[in-house]
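You will see two complexes here that share chain A, one where it goes with chain B and one where it goes with chain C.
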Partner chain A sequence: MPELRTRLFAPARDPLWGAIAALLVSLLVSFLAIAVSGRDAVSGFADLVSGAFGGIGPLGETAIKSAVLILTGLSVAVAFTVGLFNIGAEGQLIWGGLAAAVVGQIDVPGAMVWSLAAAALAGALWGLLPGWLKVRRGVHEVISTILLNWIAIHLVQGWLVPGPLGAPGSGATVSVAGTEPIVAAARLPRLFFGSRLDLGFPLALLAAAAVWWLLTRTWRGFEWRAVGTGRDAARASGVPADRRICEGMALSGALAGLGGALLILGTEHKYPGVFRTGYGFDGIAVALVGGGTALGTTAAAIVFGALRAGATRLQLVGIHPSFAELTQGLAVLLVAAPRLFLPLLARLRGRPAAAASDPPIPTVQP
Partner chain B sequence: MNLILDFAPPLVFAALGGVLSERAGVVNIGLEGMMRFGAFAAAAGSIVSGSPWIGLACGALAGAAAAAVHALLSLRFRADQVVSGIALNLVALGLVTYLLQSIFGSSGVSPNAASLPRDGFGHSALAYAALIAPLVFHLWLLRTPAGLRVRAIGEHPIATATLGIRVLRLRAACVLSSGALAGIGGATLSVGILGQFDSRMPAGQGFMALAAMVFGRWTPLGAAAAAFLFSAAEALQRQLSFSLHAADLRLEGIFLALPYALTLLLLALRVGRTRAPAADGVPYDPEDQAVQP
Partner chain C sequence: MNALELHGIVKRFGPVTALDGVSLAMAPGEVLALVGENGAGKSTLVSVACGLYRADAGTVSAFGRQLPPADPRAAIDAGIGVVYQHFMLVGPLTVWENAVLGREPRRLGFIDRRRSRREAADVAARLGLAIDVDARVETLSVAAQQRVEILKQLWRGARALILDEPTALLSPQESAELMRTVRALAAEGRAVLFISHKLREVLAVADRIAVIRRGNILRAAAPRSRTDTAALADLMMGGAPAVVARSSPSRMLPQPGIVLRARELTCSSDRGLPALRGVSFDVRSGEVVGVAGVDGNGQTELAEAIAGLRSAGGLLSLDGDTSFHRSPAAARRAGMAHLPEDRRRLALCGSLSVEENLALGHHSSPPYARGFLIDRPGRRAMAQRLIAEFDVRTPDPSARAADLSGGNQQKLVAARELSGGPPPRLIVAVHPTRGLDPRASRRVHEALFAAQRGGAAILVVSLDLDELRELCHRILVLFDGRIAGEAAPDASDEQLGRMMLGQVPAVA
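Coming up: the complex of A and B.
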C-alpha cells in the first residue's frame, strides 16, 4: 500500500488546479444554497468580499484568522511529510493556548517570547505523544490523535480552566471567567491603528517560510520526506525513521501550539471560559486543499481565513456564519476525491480525457 | 443506573455502526457527522409530521444518506477514507447549522419536537433496543453467512472476491447501514432524550462512539459494553456534581476525559488482541492488484 502522502496527493497530478476547481465549485454550491433559500445571494457575496477585504479593519480580521489557520495547516502538512495523519492539531492548539495563557501571566522581560516558547513546547509534547505511540507501540495515529483531542478538550476546558487555573472569585459564576488575564508585555503588539491586526500574521508567515526552507532545503527535511514517501526504503538507506517521525510530530505539535498562542496573546488576552476554536480541525482542511506543501497551505489558509472573516458579515443579510464551514467542508470533499475532477480538468487543458481519468498511482515499493 | 440507560443508547447505536463499517474494511471517522444529520432530520421529521416514529425513520435515512456520500467518495472515487470522513464532519457542522437557521430561523435550538413515548421508568423503546441490538448484531456477524462475508471483506477482500462476492457492493451496503445506525443514534439524542434539536449535537458523541468501538476491539458486544461503561462514567459524574455540590471541585472534565484516556491506555499497553480488521482503511480496487494490504 502506498504511503499516506502518495495516496492523498498523487492522484491529483494537478494539485493546484484541482484545489482551485474544488474551491470554485464549493463556492458555487454554497451560492446556490443561499439563493435557493430565498435570500439575496449576490449582495450576500458582496458582503462576504467586503467583510474580508474591504478596508483595513476587515483585512486585519482576515489576517488574524489566516494566521492561526496557516499554523494549524502547517502542523497537519508537516505531519503529512513524515507520513502521519495528524488529526490532533486541535488538542495541540488547546495545550499551546493554555501554556501561553499561564506563562503570559508572569511579568518578566520578554514575556511574549516566553509565552510563545511555552506554547510551542506544550504543543510539541502533545504532538510527540502520538508519534511515540505510533513508532513504539504501533498505535494508529488517527485513533490516538482523535482520543488526545478529546482528552485535551475535557481536561483543559472542563477542569483546568474552570478549576485550578481559573481566576479566583470566578468560582461562583460558572466557568465563563477563564484564567487571569495575561500581562501587557505578553500581548502581541498591534501593527496598525484601526485594525486588530497584530504581530501574529507576520509570525505565521515567518513560520511558513521556515517550514518551507526546512522541508525543501535541508538534509533533515529531505530525510523527513524520504520517511514520508517510503518508510522502509528510507530505513534501508540508513535514515532513523522512527526518530524522524517523532521529530516531525513534535514540530507539527509545536506549530499548532503556536497557533493557540496567537489566539490567546493576540485577541483573547486570557484563556477564556468558553473557547470553541475549531481551528485545529480546519487545519486539516487547509493542509488538504493546500496539497500538503508549505506554500499551498499558506495560500489555502488565507482563502479560508478570508472566508471566515467575510462570513461574519453575512449575518447582515440573515445568513449564518456557519456558511464558511459548509464551503470549507465541501472543498475538502471535492479535494478528497481528485478523480471526480480529472476528466473535466483534462478536457479543459486539451488532453485526452481517457488518459487522465485513471492515472496510475506511483506506488513506492518497499 | 437509570442515568446510564439514558446516556448509553446514542453511543451504542453509533458504536455498532462503527463496528459494521470497519469490520467491512471502511474506516468511518464520519460517525459524528452522520449522527448530526440524523439528530437534525429526526427532529425536523418529527416536527413536520407530528410523529416521533417518522422522525426516527428520517434520522436513520439522513444518516444513511450522509454515509452514501462517504461510500461514493471512498469506494467509487477511492478517496482516502479518513479524509472523506473528516470532510463529512465538516459539512455536517456547517450544513446542519445552516439548515437549522433557514428552516426554523434559529441558530441555537429547534422548536420542540414530539418525542418518543416513555415507559414507567422514563425510558423510550430505544433504550431497550440498545440492549438487544448488540446481541442481535453479534449473532448476525458471527453466526450467519452474511456476517461471515462482511468479516471476510474486512480481512482479505481479494480472497473474498475470488469466491464471487462483490466486495465494493457489500462494503457500500455496510457503510450505508452504518450511517443508518449512527443516524438512529443521533435521533436518540433529539427525539429520544431532549425532545428538540440543539445546534451543538452530538457534541463529540460520535467520537466517543469511535473510542467505544476501539475499546471494544471492533466487536459488537465489546463496543456496546464499552458504550455502557463510558455512559456509567458520565452518569457518575452527573451524580457527583448533584450530590457533592461539586461546583467547587469542577472535576467533570476529568470524568469526561476518562473514556478517551482509558481507550488510549488500552491501545498503548496492547491489552489483549486490540487489532483493527486487516483491510480496514485499505481501498479495494477490482482492477488494480497493486493496492494490497
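Coming up: the complex of A and C.
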C-alpha cells in the first residue's frame, strides 16, 4: 500500500504538462463519447463552457464548486503529506457541515466566524480519529476512514438531522426538511450582484496559500513531509512522528470540515434533509491530478469545479450531467495510470523505468 | 574463450558518464577483483553485465556469445549470476525452495519437490557449502544467507559469478570461509568477479585485480606479487595521498568523566527473542569504544536501545540522565548522534532532497531555521558546506537523497550527524564506513576523532576489525547478547575472532 500510494502521488517527478495533457485528453474522449451517442457534442461543449465561464453568474457557480473542491483536495493532499491516504474527507465534510449548521443557528456577533471555527473543529476531530487509530493501534487509515465515512453519514443523516437536530413540526417522527435555518449573520456574504459567488472562494484560496506556506516555509511542515516520506527516519532523527501524523490528520479533517461549512453557510443555509455531495470523494481525484501540492490541487479543483458547474447546463441538450464525472474519472485514470503502469510496462520489457534514479533491483531483506 | 567479456562499455545517466568505454575480460577458472572508490562505476558495471542496464555503447559477451542488451534473462541463461549486497531471498521459505525459486523443476505441472531438493543439496555438497537445505532462510545467519544466494546462482548454472561486496557483512572467520568457497568455485572452472573495498582480502583471493576510477578501468592485470595495498589505494584514488597506510590518528587519552553508563542492559529483538542479556560497560568522555561481534549477536539492538529506538531493561545513563533513551527525540536533546545500521530506513527520507536530509534532526534551530520558519539561505549554505566537507557526490543540493549512490548516502548521514549540528556528547556509530571507499572512510574517521577531541564519548559498532583497531581505545566483543570479552586495539584477528565465536572466557 505505501508503495502504491507513493506511485500515485509522485508530484516531484511528474511535470505539470502531464496533468494538463491528461485533462485535455479526457475532455476529448468525453467529447467523442457524446458525439458517438448521437447527441450534438459541439453545442454541448459550448453549453459546458458557457455554463462554467459565460458571465458572472456561471463564473460564480464555478467558484462556489471550486472552493469546496479546493478544501477537500487540500484535505487529501495534507494527509498524504504526513503519509496517510485519507479517504475520509466526505465524513469530515459532513461533520463540518453539521457543526456549521448547528452553531450558525445561534445569533451572536461574528456568527459566521464561529460557525466556520466549529466546522473546522468538528472535521479535525473526525480526522484525528483515524490518525490516532493509526499511530496507537496500527489500524490502516484507508480502512478506518472509509468506515468512518459511513458512520458519519448514518449518524448525521440517518439520525441527528432527521431526529434530535431536525426542525420541529415538519414531521411526526422524521424530518426530511433538515435542520433549522442558520441566522443571516452566519451566511457567507455574496460578493457580487447577479452571482451566487460568496466569501467561500477567497476563503478557500486563503486556505490553500496557508497550507502551501505551512508545508514549504515552516519547519513544522518540513517535519510533516519528513514523516510522510520516511516515518522511521524522521522518528530516529528526533521528530515526534506519531504526534505529527495526528496533527496532519487533524488539519486534513479541518479543511474538509471547512468545505462542508462553505456548502452550508454559502448555499444551503441549513443542513438539508438530503445531502449527498460527493465533494469529499472528488477531493481524492483533485489531489491526485494536482500531484498532492497546494498549488496543483487548487488548479485541479478549479478545473473540476468548472466541469461540475458547466455540466448542469448539459442537461439542456439532453446530455446527462454525469458527463462531468466521466471526464473527471478519465482524468484521474490518465494521471494515475502512467504512474502505476509505466514502471510495470518497462519491467515487462526488461528495461528499468528510471534507470538513473531507481535501482531496479528488488530487495527482500532477510 | 572468455567467461565474461565487456567491450567498450559506455553508460551515461543524463549528463553524467558513469562508464566511459570500459573493457574487461575474465577467463574461466579465474578470480578477478574489481576495486574502486564510491561512485567509480562498479555497480553500474555489474548492472550492465547482468542485463539490467542498457549500455549506450559496447558489448557484453559470455562464453563467446554476445548477449542482447538489457535482457536479464538472456544473461542468466548465458551463465551470469550475481550475488548482491542486499540478498534477494524469501525468508519463510527453505534454502532449497529459495534456490529453485523462479525456475522450479516441474513434473506434471507441479513443482518437483524431491528433485529440487536433491539437486540443491547436491550443489551444496559438491562445493562444500556448509548449509542445511531444509532450514528456513529467515533463521539463518547473514553468512549462511549469502551461501544460499551463491547456491541459488550455482543451481541455475551460473558459470560467471559476480559477488558485489560479499564480505561487507561478514566476520573475519566467515570472510575466510567465503574466500575458500570462491577459490573452490574457480577450481571448478567458474569465473568469479569479486567486488570489494577491502584491499587486503582482494590481494588474498584474486588472480588479477582491476582498478576502476571515474568510469575507466585503469589496470586490469596487476600481478598479485607486485601489488600492495598502498599502491592499489594510490591507483584507486588517483594521486591522492596513500590513505591506506596506517598513520596513527591524533588519539587522545580519554578524560575521567563517564558519559555513557550501561548496567545490566537487556532488550529483545524484533522477533521478541532476548537480544541483550545483561550488558554493562562505561564510555568516558573522549573515549572510543568498539563493539565487535558476528552480526546478530546484539550489536544492532544495543545501538538502537541507546538511540532510544528500542525499549530496554537495566540502566542507561548519559551524563547522569537515566531517561535520555525513552525516545529518539529525548536522546537527541541529550546530545546523542546516531549513524544507524539501516541508513535507508532509519536515517534518510529518500524522496526529500539532499539538503533537506542534511538538515533533518537539526532542522528546527539555527542556521537551519529562524523561529518557526525554515531559514532557506542558511540551510542551503550549511548544506553546501557539509557536501564539500564530506565530499558528498550529488549533482545539486536539491537532488533526491534516494538518487545518491549508497556510499554517498552514508557520507550524507555522517556529515549530518557528526558536523551538522551542535557538537555531540555521545556518538553511536554503527558500521560508520560500510560501503565507503578508503578516502571517504578516512573523512568519517577524522570527523569521529574531531568529536572525540571535543570530549564526545563514542561507541563504534563494526564488523571491520581493522577499523575498530584504528579507531578504538578498547574493543568489547558481543556474543549471544553478552559481553564475551574486552580486547585492546592490538589484539589479533585470531583472538578477536575466538571471542566473537564465544570460545574464550573474558580476558582481563
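Keep this in mind: the second predicted complex is superposed on the first by the 323 of 366 C-alpha atoms of A that agree within 3 Å, B and C clash if a C-alpha of one lies under 4 Å from a C-alpha of the other, contacts with A are read in each partner's own complex, and residues count from 1 in each chain.
Everything that follows uses one rule, which is that contacts are C-beta pairs under 8 Å (C-beta built on N, C-alpha and C of every residue); 3 or more make two chains touch, one makes a residue touch a chain.
These figures come from a predicted structure and were not determined experimentally.
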| item | value |
| --- | --- |
| Which of chain B and chain C A:Leu147 touches, first, second, both or neither | first |
| Partner chain in contact with A:Val239 - chain B first, chain C second, else both or neither | second |
| Residue contacts on chain A - larger count, chain B or chain C | B |
| Which superposed partner A:Ala111 touches (first chain B, second chain C, both, neither) | neither |
| Chain B versus chain C as contact partner of A:Thr218, first or second or both or neither | second |
| First, second, both or neither for A:Ile284, with chain B first and chain C second | first |
| Contacts of A:Ala309 with chain B and chain C, given as first, second, both or neither | neither |
| Partner chain in contact with A:Glu325 - chain B first, chain C second, else both or neither | first |
| Which superposed partner A:Thr229 touches (first chain B, second chain C, both, neither) | second |
| Contacts on chain A seen with chain B and repeated with chain C across the two complexes | 361, 363 |
| Interfacial residue positions of chain A with respect to chain B in the complex | 1-2, 7-8, 11, 33, 37, 85, 87, 133, 137-140, 142-144, 146-151, 153-160, 162-163, 166, 171, 174-175, 278, 281, 284-285, 288, 319-320, 322-330, 332-333, 336-337, 339-340, 361, 363 |
| Touching residues on chain C, where the partner in the complex is chain A | 13-14, 16, 51-54, 70-73, 84, 86-91, 137-138, 140, 142, 145, 307, 309, 327-329, 331-333, 338, 340, 345-352, 356, 359-361, 363-364, 368-369, 372-374, 400, 402-403 |
| Complex interface listing, chain A residues touching chain C | 6, 12, 217-220, 222-223, 225-226, 229-230, 232-240, 350-352, 355-358, 360-366 |
| Interface residues, chain B side, partner chain A - complex | 27, 29, 69, 73, 77-80, 82-84, 86-95, 97-98, 101-102, 107, 204, 207-208, 210-211, 214, 247-254, 256-257, 260-261, 263-264, 267-270, 276, 282, 288, 290-293 |
